[in-house]
Structures are given as structure tokens and as C-alpha cells.
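Note that the chains take the letters A, B and C in the order they are written out, and that residue 1 is the start of every chain.
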Amino acid sequence: MYGGGNVFEATKFDDVQVEDPVKLAEFEARIARGEKIEPTDWMPELYRKQLIRMIEQHAHSEIIGALPEGTWITRAPGFRRKMAQMAKVQDEVGHAQLLYSAAETLGKSREQMLTDLINGKSKYSNVFNYPAFTWADSNIISWLIDAGAIVNQMANAKGSYGPYSRALERICAEEAFHLKYGHDAVVHMATGTPKQREMIQAALNRWWPPIMTFFGPSDKMSTHTETLMRWKVKMASNDECRQQFLDMYVPKIWELGLTVPDPKLKKNMETGQWEYTEPDWDEFKRVINGDGPCNAERLAVRRTAEERGAWVRRALLNPKAKYVKPLA
Amino acid sequence: MSLKSLDPRVTRLNLPEGEVPAMEPKPELDQFETYEAFHQKKEGTAHTYVGPVHAPNEDVAFLFAKEQYSRRFPCVGLWIVRTENIQVTPYVGDQENVYDIITIEAPTERSEQAEPYEIFHLKKRGKAHAHAGRVMATSYPEALAEAKNAFGEKGPIVNVWVVKSKDILQSAEEDKDMWTTIPEKKYREAIAYKVMDKITKYKEENKPTTAQ
Amino acid sequence: MNEQAIKDLLYKLADDQLILGHRNSEWTGFGPILEEDIAFSSMAQDKIGHSLAFYTLLQELGEADPDTVAFTRNANQFHNSQLVELPNGEYDFSLIRHFLYDNAEIIRFEMLAQSSYEPITKVATKLKGEVKYHVLHANTWIKNLGTSTEEAILRLQSSLNEALPYALGMFEKSKYEQELIDAGVYAGEEAVKVEWLNRITAVIEKTDLKLPDLATIEPKFGGRYGEHTEHLQPLLDEMAEVFKIDPTAEW
């Protein structure tokens, strides 16, 4: 699960001009032909850095994203939900594994990425800093956050980096289950008892504002962004993703008689665009920078998991082993 | 005081409340070395690359790869190779054949110490390497030359991996039953979730009030 | 065939699997390394799936539906061994429990796959391959960690010593023991235990761990008859927290 949230803020890397013009031209021609870039190909430093950053944040979002829904893993009601909730949270951990591996092919070790996550040096999708108060919150996450993630991931799967595309193809196939499972659970709540209906509406009310920030603020177009789009690193603008998400899911929320807690939300039939209350981007920034309801807990849990497992890893460490980057 | 969480599992971890000092950077090899996994989707098909796992040895790598790469899709077998043991050619473009730039000549007479090597081809960038076949050789370059003769003509082939057969951990024939129930685990497949009936019924019953 | 005897057997199998699967699912997201987190979760899911299969057989014999049976009974109505209800502790304890439990489970499945009671035979035959992986997983880990650092060996040894009395409790005989044996349903707890001991000994001998003399250990019995530690009821309350908001609702 992953949003566009904080990926494409300004980076400090210098522009492309310092690269070898011949190699750069070959690289760009390959992408223009629709071919994927593979790990041992020459690539511009900006391309490598930006991809590491993006894939790493995506991986962190999966492993941290396992926590809000994990909150309800021991309390899922009934066998059907219990098994599916376990499988879904497991998939998020699995996705983290796939994505860390893809990022490793670009030269950053998993050790370094996990250290940077726990020490707050690299980010993850901001929505996971919000709590899952009830079972219904977990259902809303399973459905709508995963729906948002799929919009993003389907776009990114068409990107130019081979290992990331391969990981995303697998992830999208698995997420099809998440989306249906989440929808199924929400439908059961919305069409269930008055209590269930009340629970799901309350959860939707809590989650709608974070969902609207899921894709991040409108992109500031710069030469930098244009370059990344030409290199098929950035595949769609944050606003495009948000519009697509609203198009696909608002009708599905409405058909259940649920209320989206935004009085301004409507589709402008002339422009074909959704209009909505501008999300609170100040809060978004504050939470990204650490001051959200669950930031501290999420990182503390991750850290504790790593520390409690340290003896296992120490015990099995083979001192003669040599680390080699995964091949693809 | 320890942290009280909405997640009872987290509450039981007794996490300290408040600021914690930065974690020491993880040491090298904390996450072990890597192994590459190839799965066989059904009998008679080629083993295909699925991805890496981090593991301390190949037995554990097998345990890991089995669940990471074969829990959600049909599978009848799994091969595991330590990443270090795979020799990789350069990558060429999607319309090219990498064997065209390989000029090593296969020996005319096979040396006695020849051993089996497994050859994997990548047909298109962004796709996955698949097993092309086995050759006998005395070295990786020789195996590549043999592979060029044996299956190198059907292009495009953008990349080749060469592995000594003895470096592959292969799942045993008698262990196939570990995968037999995978297709039955419907609870983790999208197809198990069908709610149109509930939605239709709800809309029928609530027609006057649902208009937006 | 005495239907009560079959039900008793099914309940103890299913309750063991449900409670252990539930416990093991608590590790999801907290495992020692990502890959192991995934593997452990798969096995937890399998266990819950196995319990569902056995509760379904019970339903066919006239018991309540699996959700009601799993989510609304109190601790004193559960027939699981006390081993499976103990808190997870650190990973060493969870691994040792997994090792001790699954090496018995595979024997039960092998026997039940030959059972005279056909509904059980079918289920056991179908699910045996999954348990085979569980055993491979457990034995591989115990062999690896049990020959590694002093720290790991000490941890495993201490968990082994702690878990063994409870593990022996798994083999508590049912009041229908002889009937089940005579009817060819399975060979009974004593036979399972003898074979279990062979198998765990064979693994432990390949490590630096020591299997204490079992004769000196007092088994923790009672679980099969509804006597449990203080840990089971809170587990059940947590598991049913949402379900009990409205047990008649469809979740």
C-alpha cells in the first residue's frame, strides 16, 4: 500500500547535465522505445537516487502499513475474516520484501534501508500514522487505502525500471484480493445491522481526510519533474491519481448509502473533474514530519521487532558469507 | 510506563513511552546474503525466476522462498540458487540476441571433467528469466558457448544466466504435496468475494433515500 | 462407532489448531526477519484453516456452526492442550512450541489419513502436505539455531525445558481412548507420543540441545477436559471482541 504523498518533493541532486551525453542519449532512447532498464545498465545518478528513494519509501509503507490493519488481526470476527485479515497483513509484509529487494538492485542494502526507516531518515506513506480505532477502520483501510495504492501501483508498474515493474506486477495481482476483501467487508457492514452501519460510517468519517491526502499535494511542475516523467520514473501526477480514485470509488461509496464527509465533493460535469474541499496540507506536513497520532508508536514497534529478532539473526550469521545484490 | 496501544499485541510488547535514542545502524549481513528463487507453475513448464530472498543458508532460503513466492499462485516445484553462484551476461536491447556478442568457442572435444550447467534466458527486458535447458561444460564461459550452440538461435534473448546444476537446491519429487492445497485457499483470492447481491438488495430496499 | 468419541477427538484437534494458529498470528509484522514473518503467518493461516475443516466435520455431526463454536465458547469448553494457549514469549519459545507441536501433529495426520472414520481420513489426507511443510520449517530452524551461538542455544534450551511439561500434556488421554483405538480411528495418544519422542529426539540429537529425561517431568494435563491456564480466557475474549458486538450479525 502506498501513496504518492511525499515522494517527489525537491531533491538536492544536481541536474542531468553532468552525465555523459552519449550514454544519456542511449539511456533515453531505450526508454523512449518502451524498453525497461535493468540493474546493470548505465543509468543517470538522478534516476538511480530517485528510484531508490521511491522504492524504499514504498517498501517502508508496506511494512508500516501492516500495523494499522494488524491492530485487528487477533480480533477479526469469524473464520472467513480471521483468515483473510491474516493473509492480507501477511501480503503487506511480503510486498515490503519484494520492494526492498527491488531497491537493493540499485545499490542500497536492506540493512541501511531498515536503519533509515527506524531512525526516521526516510519516510513512508503518511496515512499509516493514523490509528485504526475499530474493526470498521480496518475495513476502510483494506478497501479504500488499497484502492488508492492500486491506482498508484498500476501506474508505476508501467515505469521504466525492470525490477520495480516486476515487483509491482506481482503486488498488483495480490492486491486484487485486498480490494475485493475490503469492499466485501465494508458492504457487509454498510448493509448490516444499525450498529455495523454506524461503525462503518464513523470509520469513513475518520479516514476520509487522510485518504484525500493519500496521493500527495498537487505536483509543482519543474524541469526536474519533467525529466522524471520522461524517464518513466513518475508515471502520473498526484492530481491525476486522486481524480481517478474519486471516479472509481466515490460512486461505490454512495451506492451503499454512506455519506462522504465533504459537503463540497461533487463531479463537475463540464470539466469532468471532481471538486472537493482542499485537504489540510499543513496537517499533512506536520504528520509527515513526525507529529501524527501514531508516528512514534509505528516506529517503536518496528524497532522493537528488529531488536527482539536480533539474536536470531546474530545466531545464523555466516561470517564467511558475502553479500551480493539480488540480480533482478 | 509502557505504551498502551489500540493493538493488544503492541500493548503486550511493553514498549517504553517517550523519546528513544537513535538505533545503531544495522551491521553488515544483519539481513543475511541473498538467494534467487525459480518456481515451476505446472508440470512440464520451465522453471521461471520469481525473485530473491534473504537467508542464512539454502535450506532456510527454501523455507522462505516457498512462502514468499509460492503461497499465492499455483506451483509444483522450486529451485533455489545462491545469488553469488549465478553468472550473468551483459544485457542487450529487446530486439537483439545476446549470444551474437558472445564469441567464445565451444571446445570441439568435450573434456572428461565436464559437469552440468543450467541456462536461463530473459526474452524481454522487465520480464522474468526462464530455464532454457542444460549443457555440459567445464567452466561458465564454456557453458555459455555450449548454450549458444544448443539454444542460442531463437532470438531475441536479452540476457543469460548460467548456473552449475550442483549449485541449485531443487525441491524433491515427494515434496510436491506441500503445494497441492494452494488453489483451494480461496479466502486469499479476489474471486471468493462477491457482494453484488447484497448491494443490489440494499439499493432495492433503499431507493428513495439513496439519491445523491 | 460412538459419536461422542469422534466429537471429542475432533474438538481436541480443532481447538489445538485454532488456538495455536491464533497465537502464531500474533507474530505477523513482528517477526525476526521479513521472510520468516511471511512463513510464520502462512503456517498460522494453515492452522486456522485446519481447525475450520475439523469444526466443519463437527457441524456435520450436529454441533453448532464453526463460527459459533470458535467464537462463543468459554475457556472451560475448550479441549486444546495448555501448550498452545501459553503466550508467545520470545521467538525461541514460539519456535520450540511450533517444533514440539507440529512433530506431534504430523503423526496425528499420518494416522488419521489411515483412519476407519472416512470424513477424517479425507480431511487429513488433503491437509497433510501443509503440516509436512510446518514440520520441515520447525526442524530446519531448530537444527540451525540449535547448533549456532551460545546465546541461541541457551534460549532454546530454556524454552524447551519450559515447554516440555505442557507438550507432554498434548498426549492426555481422552475418556474414549480405547474405543477410538479399537474402532481403528487412530492408534491413540500413547502411540502418538512414542513416535513423537523418536522424531523430536532425532532432531535434537543433531543439535547442542539436551532433551531432559521425560520420566522426571510431570505433564501439564487438564486441557483436554476444559482445565486451562489463566491465559486462555483473555485470548478468547480478545478473539471474540468484534464478533460478540453482535453474534447474529454478518461480518
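For the reader, a short list of remarks on this structure follows.
Simple rule for what comes next: a contact is a pair of C-beta atoms (placed from the backbone, for glycine too) under 8 Å apart; a residue touches a chain by one contact, two chains touch by 3 or more.
Keep in mind that what you see is a predicted model, and the values were worked out from it rather than measured.
For the pairs B-C and A-B, the count of C-beta pairs in contact is higher at A-B. Greatest Cα centroid separation from chain B: this falls to C.
Centre to centre, using the average C-alpha position, chain A and chain C are separated by 37 Å.
Annotation: 31 Å between the Cα-based centres of chain B and chain C. Centroids built from CA atoms put chain B at 22 Å from chain A.
Those residues of chain C in touch with two or more other chains are numbered 26, 30, 33-36, 38, 41-42, 45, 49, 144, 238. Among the residues of chain B, those touching two or more other chains are numbered 8-9, 13, 31-32, 53-54, 56-57, 60, 68, 187-188. Shared interface positions of chain A, i.e. residues touching 2 or more other chains, are given as 67, 70, 72-75, 83, 87, 94, 97, 188, 301, 304, 310, 313, 316. On the side of chain B, the complex with chain C involves touching residues 8-9, 12-13, 31-32, 53-57, 59-60, 63-64, 66-68, 71, 175, 177-181, 185, 187-188. Chain C contributes residues 26, 30, 33-36, 38-39, 41-42, 45, 49, 87, 126-130, 132-133, 136-137, 140-141, 144, 238 to its touches with chain B in the complex. On chain A, the positions that touch chain C within their shared complex are 63, 66-67, 70, 72-79, 81-83, 86-87, 89-90, 92-94, 96-97, 100, 135, 185, 188-189, 192-193, 195-196, 301, 304-305, 308-316. Chain contact summary for the complex, chain B toward chain A: residues 3, 5-10, 13, 15-16, 20, 22-23, 25-34, 36, 49, 51-54, 56-57, 60, 68, 72-73, 83-84, 86, 88, 90-91, 93-94, 125-129, 159, 161, 187-195, 198-199, 201-203, 206, 209-210, 212. Interface residues of chain C facing chain A in the complex, by the touch rule stated above, are 22, 25-26, 28-38, 41-42, 44-45, 48-49, 52, 66-67, 70-71, 90-91, 144-145, 148-149, 151-152, 155, 238-243, 245-246, 249-251.
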